[in-house]
Amino acid sequence: MIHPTALVSPRARLGRNVSVGPYTIIHDDVEIGANGQVGSHCELGHPAGAGGAGPLVIGADSTIRSHSVFYQGSTFGEGLVTGHRVTVREGTQAGKGLQIGTLGDIQGSCVIGEYVRFHSNVHIGKHSRVGDYVWIFPYVVLTNDPHPPSEVQMGVTVGDFAAIATMSIVLPGVEIGRGALVGAHSSVNRCVDADTVVVGTPARFVCRTDEIKLKDGSGSPAYPWRRHFTRGYPAEAVQQWLAEFGTSDSSVLAAAVV
Amino acid sequence: MIHPTALVSPRARLGRNVSVGPYTIIHDDVEIGANGQVGSHCELGHPAGAGGAGPLVIGADSTIRSHSVFYQGSTFGEGLVTGHRVTVREGTQAGKGLQIGTLGDIQGSCVIGEYVRFHSNVHIGKHSRVGDYVWIFPYVVLTNDPHPPSEVQMGVTVGDFAAIATMSIVLPGVEIGRGALVGAHSSVNRCVDADTVVVGTPARFVCRTDEIKLKDGSGSPAYPWRRHFTRGYPAEAVQQWLAEFGTSDSSVLAAAVV
Amino acid sequence: MIHPTALVSPRARLGRNVSVGPYTIIHDDVEIGANGQVGSHCELGHPAGAGGAGPLVIGADSTIRSHSVFYQGSTFGEGLVTGHRVTVREGTQAGKGLQIGTLGDIQGSCVIGEYVRFHSNVHIGKHSRVGDYVWIFPYVVLTNDPHPPSEVQMGVTVGDFAAIATMSIVLPGVEIGRGALVGAHSSVNRCVDADTVVVGTPARFVCRTDEIKLKDGSGSPAYPWRRHFTRGYPAEAVQQWLAEFGTSDSSVLAAAVV
């Protein structure tokens, strides 16, 4: 249902069963896939600067929560879920299953993989490249300017399955390896090897990720996290993870979305 | 007065003299005590996820400023005051006189005492337990996951009268003692004794709080802060503080709310 | 054009050609100069606390983006540009050409020079004094209370052309010298000399700013940044900068606004 107070351009292309909340504005060049739910007080398809940015495309089965602003000129795969007051500038391409927490700020011109999860209040600088199944926690900033202010922009690269903990920053041009963990309140100024843990300002090597034990009494390794954390991921991926680690714990599979 | 553009469910229970600003939405299961003031562009009683979360209850004499979002399933004592764009998820219980600054993000399932003050842009992770008369300053995050991402959640505990300064994080399961001070830009990875100061990444003991002097020319101790800072607290509490410290400074009492 | 859903007080003073977006509220004591553009879901002239704060004055040719809240009692020169969800409290005086990024929080009673640029999500504490052509990057906080909480407020001072990089804080009463650079993720607890670089927690001297080289292949100095970064500044200022550094690179001038 389109709330009667919503201002939806007749040129916007809304799929079947899309709902739009009160006081939300949807501009001309917006496409929202089937079953999309848009909350109240949002603005979708906000005009970008000079130079036609192209449409804003939101995949099917997406949920955009209240007070969010998306510019035209970005594309999101199916199953996008946002918190409240999210801002997304133009020029970003994101895969399926992206989650952006409340207050997230995606600066645009980013490439984001599948099933990425940004917790609340992350800032993803322009030209960031984020792999699949990445986790980024609150108050993390991916930067891009090595000597601010300048016209040089060196985006950050984050490998698949990597996790960046709360209130850390990644400096321009740095690559975070696949499955790596950046500890909380760190400043990462050089590349991080796959499956390693770094922490501090500047962040330095601490141990391999598989040396960290789960604090659930099991004594199992906490990483790779896909050994034990599967909530909301596609069953197909989770089955592959279980096979990879020889796990037969059916509760782990049950936690996944089927 | 209920602004004519506000969308207020007939099932919401508004006390006498409640005002609701333009373009604000109040859902079914919301109770707002007498004299409550709700600003513009808010959404109160946002449906929580699966499983009935119960009502949102806002005590009497509360002020909720514009663009704020409260989910159903939390309870606030009288005299709640928020800044703008506050987000509060379900399952939180808070005492009287809570202040939440602009952009505050309370993740839910928290227990918050009386007369707590969150300055702008704090992030209170799920399962945090915050005592009475606590102060938390901008860009502080209380975390809960010891090896993110995981299903293990170890909330932070903050003792009465403690203060956590700007841009600090408290790691999962840590307890901050009564009256302790966490210096700015710190990462607290172990418990902090009562009435001590810690600072750094990781945060380490610096001194007892009463060794810090007030920079007002008096040379008096800056802590416990209730020796000199009483603005807006109930007169009853302030009189007790004055007695505790043998202060007879009537201007200190006059600053309190009577 | 004033959108029909905008609630504009008949006592607000809007210059010629001002546009106001949907669901925006403009209170009584607001003055907006010619050609101003105000986005959707804003609230301008929000009443300040006790004691008449005076009008909110926005200079000509300004753009205020959606979901922003400005209190009465501040004055902005011409060409103000904001991102989304900006909050500005009462009592601030700002010069021409100020930019405030998305989620910026200006706490009030600040003095801000000309052509200052705040990137996303900065927090400018009360009583801050910011010079001309300053840059402040995401998640920077300028603090003011040396022993929080207290009634002592010692604002920060930032000199002309200084830059403070991402997720740094400046402690109360500190002065950042003209042209200085505070590296990312730093905590600045003492004054910073002009044209020097500091970094760390606590921030310490690293080198002179002119020892940092531009990472554009040229090997030129990256600072003073006005040698090479001129986008959007007034042509008059840029010509002066070119003369100062004996640069004859016409592309640098062309990047400036003429």
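For clarity, chains are labelled A, B and C in written order, and residue numbers in each chain start from 1.
The definition used in the following text is that a residue touches a chain if its C-beta (ideal position, glycine included) is under 8 Å from a C-beta of that chain, and two chains touch if they have at least 3 such contacts.
Remember, predicted model here, so these are calculated numbers, not experimental data.
Engineer: Quick one: label the inter-chain contact graph as line, ring, star, complete or other.
Structural biologist: complete
Engineer: For subunit A versus subunit C, which are copies of one sequence, does the interface use mostly the same residue numbers on each side, meaning over half shared, or is it different?
Structural biologist: different
Engineer: Distance between subunit A and subunit C based on Cα centroids, please, to the nearest Å.
Structural biologist: Between these chains, centre-to-centre, one finds 28 Å.
Engineer: Residues of subunit B touching 2+ other chains?
Structural biologist: Residues 23, 41, 67, 85, 103, 121, 139, 167, 201.
Engineer: Within the complex, which stretch of subunit C touches subunit B?
Structural biologist: 7, 23, 25, 41, 43, 46, 67, 69, 85, 87, 103, 105, 107, 121, 123, 139, 141, 143, 146-152, 154, 167, 169, 171, 187, 201
Engineer: Can you tell me which positions in subunit A touch subunit B when the two form their complex?
Structural biologist: My answer: residues 5, 22-23, 39-41, 66-67, 83-85, 102-103, 117, 120-121, 135, 137-139, 163, 165-167, 184-185, 200-201, 212, 214-216, 222-223, 225, 228-229, 231.
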